[in-house]
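Each of the next two complexes has chain A plus one other chain: chain B in the first, chain C in the second.
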Partner chain A sequence: MGMIRIISRSFPLTLLPLTARAEWTVNLSPGVTEISRSIYDLHMTIFWICVAIGCVVFGIMFWSIFHHRKSRGAKAHHFHEHTLVEVIWTLIPLGILVAMAVPATATLVKMYDPKDAGLDVQVTGYQWKWRYQYLDQDLDFFSNLATPQEQVTNDQAKSENYLLEVDRHLVLPTDTKIRFLLTANDVIHSWWVPALAVKKDAIPGFINEAWAQIDEPGIYRGQCAELCGKDHGFMPIVVEAVSPEEFQQWLVAAKAEKAAAAEAANRSWTLDELMQRGEQVYLGTCAACHQANGEGLPPAFPALKNSPIAVGDVGAHIDIVLNGKTGTAMQAFRDQLDPVELAAVITYERNAWGNSTGEAVSPTQIADRIGAAQGEGN
Partner chain B sequence: MAILDTTGGLDTTAGELHEEHHHGPAKGIGRWLFTTNHKDIGSLYLWFSLLMFLTGGVMALLIRAELFQPGLQLVEPGFFNQMTTMHGLIMVFGAVMPAFVGLANWMIPMMIGAPDMALPRMNNWSFWILPFAFAMLVSTLFMDGGAPNFGWTFYAPLSTTYAPPSVTYFIFAIHIMGASSIMGAINIIATILNMRAPGMTMMKLPLFVWSWLITAFLLIAVMPVLAGVVTMMLMDIHFGTSFFNAAGGGDPVLFQHVFWFFGHPEVYIMILPAFGIISQIIPTFSRKKLFGYASMVYATASIAILSFLVWAHHMFTVGLPLVGELFFMFATMLIAVPTGVKVFNWVATMFRGSLTFETPMLFAIAFVVLFTIGGFSGLMLAIAPVDFQYHDTYFVVAHFHYVLVPGAIFSIMAAVYFWLPKWTGHQLNETLGKLHFWLSFIGVNITFFPMHFIGLAGMPRRIPDYALQFADFNMVASIGAFIFGFSQLLFVWNVIQNVRSGEKASAQVWEGAEGLEWTVDSPAPYHTFSTPPKVD
Partner chain C sequence: MSHILQRWWRTLIGVLSGFFGVQSERRREEDFKEGRAIHFVVVGLLMAALFVIFVIFLVRWALSLSGA
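Presenting the complex of A and B:
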């Protein structure tokens, strides 16, 4: 089956950094929002209630185990019923639960109030990356895992934020109520940032709401929390909270960058330039399924090396990359990548691993194709 | 007797029937294939469950080996997902449930003074379809595209549109398991309601029998729901419906509602018989009657009824409306009340008893303590706003393993050690039993307690690789898992040795044991209570 492999050389490599950075975290973090702090307080309250009940119940039990053992000559008493006692130990827990339910309800009501948000961000889960759209801002990007595959396979030492680093952070302003609108493109994902106490399922066909108001600037890391297929463990979330002024500056810069990328699609690109760019895009976007060596993981993820599509008709190749293939994990990359990236990655796939078509696909060719498809759609 | 004579008379001559009664079990493999004897079928269920426990255990060890260190060492992420899925399915449907049915088969007729189960031929059938179901499920590991990889909760659309082709075999296997469970449940209800010895009134039933009666009703109520949900999946996959496909106007959240309407009572199906077992063992080794018998029965029934009203606490993060969240939070918190009553009653039974600590009692005490810890984390998970932080993390993994391993599994081991001398006629090897207990107790806690910590620190469940801050406790958990896993070989060895040889056990076996099963010889004759006993 080829699914089990032993990489013996990996063991010494990973053991060393571990001992140096022992953390032994044992508890929730209070987080950086008002809600996350009240959740933390609820968590600690219910925890101490459980500890107290445990001490009483186990205390009595161990007292019996110690004092009422036959080897110490204990004779069994014969009581086996007491209605009043039963009523008491039904009512006391009930009272504790009611006392606990009151603050829990109050916190929940606050969590369910996303009104008057200053910023709306749509979060869309894809297998296996996140898309962030700043609504009303004309800004939209994907955020992919940035940890290199070599660290995962233990061929390289692991970086500090191993598996919790992405190519593009979700930048958010502090002291602003931010509303998240969550949905998914394929299967169910769950967007979770512990420091914000936001965990909400991203479900295809549904739009869920959540909100957060971040008090402190900083980098907050999270992960997908709902099993979403092969690379569920490899789609982290990185939130970068900055002051509202810095956020405005970032918005301007991000939009300028987007315009520059659109401009780059109009100039002509050489085969070498495209191959170089294409390799980066391929490793970041395609290699999780089709593998860095282009051999894929058949049958779920077919090989590109010598595949009829990658060495055959270029139009068909462009179509499948733009539109995906329904019923498979192959997504539509039309919105995920810009024309330069699309042209580069298709060129790379047609000229790497011994696929030697020698063809360069130009960004304008891609832009035309997208334009034509939109024309048909209208 | 009258019942046996009539059914036997239909297709055999009186002579053959007579011979069968007096000469014990048939010879060779035919004894096991065609048996209608509750003791034989009980043994088959228990051996099958042990085999599945070891199979699912090997998968668990593979998972823990991969998680020993960050990075991918042993398996690909896709195969890791197949392992978590198969481990869950095999342990729930192959190990825990059949073990309880096996115990029910062996013990219920002997505890109520009945000659056998009410429907012996169906009993044979409900066992013998199980090996086929699991052979089919395990065979998916060797299929193109691999075994089911969508978790034992198989949420759509990951398990429909995005599933490997083997999902169809998975659906068929689930149908067969469901049919087996429903037949088993019908048989248990029919036996308990109709075949009690004269004088064995309902409020005199041993608690193991009561808890199984209630469990059987839960099974009949929810297994058809499971069959329904997998059939809807089958329709979506092969016949173009869109129950769970948003693109076709369907609703992926509907899947979760239907699944958990089955799934939550299923959780209690795996723990109520355990409550029954513990309620037999603690009084025996405390030499004192169970405290609050009637309240135990009412508490069990309350838990069963509440189990139908709490399913969406598994779904606090799917975006339920506020009122829904509040309802399910309150209902879930309420379950702590009858569960607390049970724990208090067990402690009150031990209080001022005359305690000894043979192997079954050690497992029973560990059950009470560790199951209660699982109950505490359950109460924490019930608090909906906090659940947003716990949901789908290792905190949940710690919680349900605490109620299932030192909960359900420990109760099954306690039951085996408790009744084994009655089954085999040989006294238990206490030294080996106690060694097994202490290694299991230590192993289970080293494995699952640190999972609370890594969950709170933020590690999601079902991931093959993790960030560096989770590394230390993962390594500890993996070491514990191997201690726990390998110490189960002592259990297997102890049971096999006990079947083969040992000091002759008396009918009473344990000094403080009470009940009809202790009035028959050890080993129990092939046919017991052919003439009903009289219960005062």
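Presenting the complex of A and C:
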């Protein structure tokens, strides 16, 4: 057997054609923006500089060790200092660092320049979902994990985009400078989409800026990159880049959908309809903490099955869901869900898992409650 | 007069070698024998301030080059 074949058997990857290796995703992604490509180029340039330094330093070291080995009678030369050599080995790294800093600074300056954006999107991190607000567009929605719980617990086969799929994509136009304004509602999160070369902390009380101009339509996935609690790994990001024309159509459709939801709040809903919708909302929004079986994870997340609030006074139940409870993980869902969803999920909680109040909470009841609270606030 | 100037000049060289991180043993011993601590502190603070100003200008220059 030839040497080449032995090597190719032991290291199959080294002999693969380059195109196949491009599929190999250990490396940084070149991404789909000008900035992401220049970051990739910087990364590769610096990587090869490091490889060259490694070869030279270890080459000299190994050669010296071998050449001056003891069996050849080599004797160590004892000296204390050598100013010239010391100056050289300080100046060379300094030169290399400055040479790397020049292109890196050029890229950094561009990255930190969000001026003249064509679209502003506010991104807010919540435990454990993202909220996207298209500023100036009157459009605002939450994006929740879409992977079913059964896949997490291995009761179902895992899908292709396991834990990287959401119910509502962040739709963005290509060839448009998009400015992201990042903040958080509860704890520090970090919004990270490798293909856009954006990874920015989302901090409560602060607004961070980042921007991207996407060149190619497509789906780009990302994750929260700052450990933020129990479901940190369950709040993915999905960006869907479409052409500017398609984006305009999508905006119109999304606003129509929002109007239809507002419309739906005015009609009357049967208990069955509310229970059905409520189960969906519950599994998507509440089950992460209160669990699908309603038993919660005490003491962190209380059970709703037989809870005094869920089977007691309706007003108290509506209030805690609308306003949350300050200082606990229980968030205010007033802005996260629309009145139909709120009515449905509260109805569901009052009638599921053996909670048998038989009560249906109507969307108008919720809308009135929100309206009354706003009246008080003024 | 020139003796005093020479002394400050030597201090400056000592401080700059410190910034750079390389100094010969001979000069180091001379500095310790002949130099005065307060001179090194004063020149050191001055050079640190100069370095900060240099970095500020470097950043301004880089930003102006990139048109930001």
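Throughout what follows, the second predicted complex is superposed on the first by the 336 of 378 C-alpha atoms of A that agree within 3 Å, B and C clash if a C-alpha of one lies under 4 Å from a C-alpha of the other, contacts with A are read in each partner's own complex, and residues count from 1 in each chain.
The criterion applied here is as follows: a residue touches a chain if its C-beta (ideal position, glycine included) is under 8 Å from a C-beta of that chain, and two chains touch if they have at least 3 such contacts.
The structure presented is a predicted model; accordingly, all values stated were derived computationally and were not measured.
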Who does A:T105 touch here: chain B (first), chain C (second), both, or neither?
both
Worksheet entry | Touched partner set for A:W48, first chain B, second chain C, both or neither | neither
The chain contacting more residues of chain A, comparing chain B with chain C, is B
Practice item. Quick one: classify A:A74 as touching chain B (first), chain C (second), both or neither. Key: first
First (chain B), second (chain C), both or neither touched by A:E86: both
Dual-contact residues of chain A (chain B, chain C) 80-81, 86, 90, 105, 109, 112
Chain A partner, complex, touching residues on chain B are 69-79, 81, 142, 144-146, 149-151, 155, 157-158, 161-162, 164, 246-247, 250-253, 286-295, 317-319, 322, 325-326, 329-330, 333-334, 336-337, 340-341, 343-344, 347-357, 365, 368-369, 372-373, 376, 379-380, 383-386, 388-389, 391-393, 452-453, 456-458, 460-469, 471-473, 475
Given the complex, residues on chain A that touch chain C span 80-81, 83, 86-87, 90, 105-106, 109-110, 112-113
So, in the complex, the side of chain C touching chain A is made of residues 20-25, 62-63, 66, 68
Chain A contacts chain B in the complex at 1, 3-7, 10-11, 14-15, 17-18, 21-29, 38-39, 42-43, 46-47, 50, 53-54, 57-58, 60-61, 64-65, 68-71, 74-82, 85-86, 89-90, 93-94, 97, 100-101, 104-105, 107-109, 111-112, 127, 151-154, 158, 160-164, 186-188, 190, 192, 194, 197-201, 203-206, 208-209, 221-234, 297, 299-300, 327, 329
